[in-house]
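A single structure is presented below for examination.
Which chain is which? They are A, B, C and D, in the order written, and residues in each are numbered from 1.
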Amino acid sequence: MVFVLKQNVSPEQINLFVEKIEAEGYSTFISTGTEHTVVCLIGNTAKIDLDFIVQTNEIVEYGKRVTEPYKAVNRTVHPEDTLVKVGNITLGEGFFQVISGPCSVESEEQIVQIAKAVKESGATLLRGGAFKPRTSPYAFQGLQETGIKFLLTAKQETGLPIVTEIMNQTQLPLFEDVDVIQIGARNMQNFDLLKEVGRSKKPVLLKRGLCNTIEEFLMSAEYIMSEGNSQIILCERGIRTYETMTRNTLDISAVPLLKQKSHLPVIIDPSHAAGIRSLVAPLSKAALAVGADGVMIETHYNPSKALSDGAQTLDLEQFASLMKDLKKRAAFEGKAGI
Amino acid sequence: MVFVLKQNVSPEQINLFVEKIEAEGYSTFISTGTEHTVVCLIGNTAKIDLDFIVQTNEIVEYGKRVTEPYKAVNRTVHPEDTLVKVGNITLGEGFFQVISGPCSVESEEQIVQIAKAVKESGATLLRGGAFKPRTSPYAFQGLQETGIKFLLTAKQETGLPIVTEIMNQTQLPLFEDVDVIQIGARNMQNFDLLKEVGRSKKPVLLKRGLCNTIEEFLMSAEYIMSEGNSQIILCERGIRTYETMTRNTLDISAVPLLKQKSHLPVIIDPSHAAGIRSLVAPLSKAALAVGADGVMIETHYNPSKALSDGAQTLDLEQFASLMKDLKKRAAFEGKAGI
Amino acid sequence: MVFVLKQNVSPEQINLFVEKIEAEGYSTFISTGTEHTVVCLIGNTAKIDLDFIVQTNEIVEYGKRVTEPYKAVNRTVHPEDTLVKVGNITLGEGFFQVISGPCSVESEEQIVQIAKAVKESGATLLRGGAFKPRTSPYAFQGLQETGIKFLLTAKQETGLPIVTEIMNQTQLPLFEDVDVIQIGARNMQNFDLLKEVGRSKKPVLLKRGLCNTIEEFLMSAEYIMSEGNSQIILCERGIRTYETMTRNTLDISAVPLLKQKSHLPVIIDPSHAAGIRSLVAPLSKAALAVGADGVMIETHYNPSKALSDGAQTLDLEQFASLMKDLKKRAAFEGKAGI
Amino acid sequence: MVFVLKQNVSPEQINLFVEKIEAEGYSTFISTGTEHTVVCLIGNTAKIDLDFIVQTNEIVEYGKRVTEPYKAVNRTVHPEDTLVKVGNITLGEGFFQVISGPCSVESEEQIVQIAKAVKESGATLLRGGAFKPRTSPYAFQGLQETGIKFLLTAKQETGLPIVTEIMNQTQLPLFEDVDVIQIGARNMQNFDLLKEVGRSKKPVLLKRGLCNTIEEFLMSAEYIMSEGNSQIILCERGIRTYETMTRNTLDISAVPLLKQKSHLPVIIDPSHAAGIRSLVAPLSKAALAVGADGVMIETHYNPSKALSDGAQTLDLEQFASLMKDLKKRAAFEGKAGI
């Protein structure tokens, strides 16, 4: 249930209103816009007399029931777009950012070289896996702590903020200097991890699970936001279907839907969605046109020798050429960023 | 198995070569490009000595095995893009066409009024269902023959070529004046119908089945083409997944894949893919950016009163506004058509 | 909308009631049970005042709205199980029948030999494909008319009723002596074909489409039954999912659901569902235990040389051994038939 | 790669052989059967000369490449069925066990009362959720530590071993007295958690992920077993498909496949698979017939007031009646247990 307050109500008035509601056993989430403050009630609001509250609290302009189970991430509650700040980079409506780098960090030399190249081409954030979730216990599991150290070196050398994946909440202390914590598809419903990163203040890049609905995706963002962290970037990365020619099926409709339903930035990972190098460029162009706020692209100076995901990785020249094209398109769409 | 012939071989030489191969029990499919003629062997070619043929037939430049089960529609066999001509409209690489109109033809007045409006906005073909495949036997099944008559009136009044769906091969005589015969998703593997339209010379718009793989889609096109008709337009219209927020899941990756694997035009139907009016515009933009050769959009002057599919139908104003945007984008992409 | 009539109303009274309703523009479907007659209204019943009808027609015990879109096949309308009679074989509740035979009829000798063997083992119906729907136009398309002729010879030699697939409605005259017409998965929503077999009086074995919901499956049965033919056997044969280790995923829950929702017999095709020989026996046992009324099993005297579907076909010895086991299980369940 | 050793080789000979292989950089997994010992090489074995090893090590009977990526859980490596012992209960081939109890532990009184009832009816293990993974952060998250305490009371009162779900590895100390640790569907690929329970010696009940393949399921079991714990029970609980009439689609074919591919016990959870009370009995019967080693069934004395999953929960009377039937069926199949 959501109450939109009148303009120019004082913080004191808001506090009084909120205290009254919380005394009834509800928690609240407050969203302060440029014109209106919105108070969102969380909990089972079935018993609340909405009209009574509107009539007996003069600071309330109007109220409405939010039937969707996600509250804090709901655009109804927070009509303005959330912009996520990472260093001097902004992710969200009006911007188009490109996160690039290798699937796995393999060595200091590797990540630094790739970081320099993608920065040169115009990427605005650096990705690289240090902890790698792998289907097989016998596959390369990533350089782990050392991988994060190498990423920080690459950040120092290029100025690019870094994005890297966490696998469980005990690793959080290692992510202190990481700019954006990634939650991978397999952990989208690792609720304890979501709560934990919700209690940190760091931007979180949340990937949609392989087989999760858009509503479940938003509910996982809700887990993070309900703990106080609204710096969330949603990432559509393909869903599992019966089609076998691509690794996954990019659900491009999810982008406009997520942007209609929520106020959070939405990006696309065309590399994992398709699993095929030759599809990365067309899907990136489609991402821009459909309204995504960015893409995340795997690059390597030698994809055929990459320790993981070589088949979907662009080499540095292919990436540079794609970036040239994307810059023209971002200009056409009137988007800042790259 | 495919043989690329040398330049400047005479028709007589080609005939001799083909006769020799067919005498071995294979059928052939011949594709004449601007520079090279390609001869494709159809049948189980496992026993053929490829090198022997290349060495003993001096008109052959080189040969290679085509492992994909689709032969005639395969780009390897026919490297140049097929352009489908419908009146003075061209569908295929380099063009972007917009097919528009109501889900169902409801009356002469309705289809003529909508046809005029979509033409005014820049649509280049008119769609409208006369025979409607409906899940329920109690639902409106279309105006049938009368619907086709009304479509032809609308064509006469506007000059727009018409696209309408056939449901079984006994209806073919009714489609004599129809410009493009549509095979719907549920009939994608109605093999007898495919063969029958393959024997006609009319352009065919073949929709991907709800749950068919890209390879099966190409094999259905192969059914049509193996009967001699290569005027085929492939249409991606969403596949069935576990996601329930959209009617289907648009498999946008299918577009670049189909264009890589085959030489046929590929369009997108964003209306059926999403089933939600507000997604039609973003998905149409994505279609253009990803490389599709057109879109097929449902329109109606009063979507809320449409006899079918109202929720996904644009009204005429929304369509006009989308067309303005798509024209700018087609210009940006360097595409003719709209 | 359904009206349950009082006991002991006369046929004349029923006719009067039905005429009155049909005069309002509704069609009706009448189901005569041992105790009650049920009259089902078909069409948009939203405007009907249910209470008014009950109060003003004294032969009506009570009425209720049937919200499911399927009416005639709905168990609410027809609470008693439909039994389908094929010669002296009964399909439906209380019976367990085994339909067996090769995927394709290959020769007279082949089908006769297999028919004799499966009869010897206890199969009660013979299957064999004459018209074969194949993904590829270059694959074996069946012996067609000749195949049906060979099936009829096998029937003559063994007395087993025959089940074979139709591919389009123009083939109906060829099926005059066939006992059960099979509609394949790809034709489950070939609505014109459904209507046509609905107008015949022959038993129809309707297979669930690869990607169709249970409700759509029932709606396709409704197409047949709404034309007057209630001799329908539903066949669950696996649905398409992301799993690749099996050919399809047998949706075993569909059996009890279909039997709860409708009054029609339900069988399982474990051969196509799994696509793996070693799963046919365990899935057949599960079919019996879950409440299916039969199974349809592919057999061949030499599966490795079968012209189609060899990997999922049992040899005659494996089939004989499975039949021995199934007979014990049918006895345990108290089912007649095999 | 797998080496089957000759009969009657001494432990010293085996050690020497293993040391030699490990010196080449491979890890090994040793499986001691009643007749043969099998040594399994783990790692990339592409470079190994298999014949050379067989010829130069006289204790080796024969070797073969195991192409499946799962090694330790592979039946080729360990041909005998693994039996998991929980107290005096045995799970695995030859037995059929029934795990029963409420979705969530709600109070001491509730879990004790249900435990007594299901024991009375013949259940052999008690289930109950203390930590509940819930899609919404606002839904009941379980009684947590207190829930485990209440489960232990119920165990004390009834003697039934208890099964309950862990959500992350920091909770392991709380599970010291729990008999079987359950890994839920959403955590099937929480690899760090899998490794951690692999290092414990407790039996693990591993549920298949909502959208995971059978191969991925086995690879997750491999994660546990590669850390030294082979006390693993695999649980098929339905996969996500497009069908909406059931909560999930029970993939019953997974049972015989998992038992062919691996040596681990396999059970079915019909409650979560179907999500519908009326399907629990038919699916449980099918489970027994298809060869499953048990079922896990949700029960409650008042399902309509259960704090979670009421719609799929049997009341105690329904459960008692199902158990009577399952006991007869287990006897028919020649299975011990219930």
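Going forward, a contact is a pair of C-beta atoms (placed from the backbone, for glycine too) under 8 Å apart; a residue touches a chain by one contact, two chains touch by 3 or more.
Predicted model, so just to flag it, every value in this text is computed and none were measured.
Most remote chain with respect to chain A, judged by CA-atom centres, is C. Interface comparison, A-C versus B-C: the pair with the greater number of contacting C-beta pairs is B-C. Chain B and chain C, compared by their mean Cα positions, are separated by 34 Å.
A straight line joining the Cα centres of chain A and chain C is 49 Å long.
Touching of two or more other chains is recorded for residues 211, 240-242, 244 of chain A. Shown here, the protein chains touch in all possible pairs. Considering their complex, residues 211, 213-215, 239, 241-246, 249-253, 255-257, 260, 273-274, 276, 278-279, 282-283, 285-291, 329, 332 of chain B touch chain A.
By the touch criterion stated above, chain C contacts chain A in their complex at residues 211, 240-242, 244. By the touch rule above, chain B contacts chain C in their complex via residues 42-43, 69, 71, 133-138, 167-170, 186-187, 189-193, 195, 209-211, 216, 219, 222-223, 226, 240.
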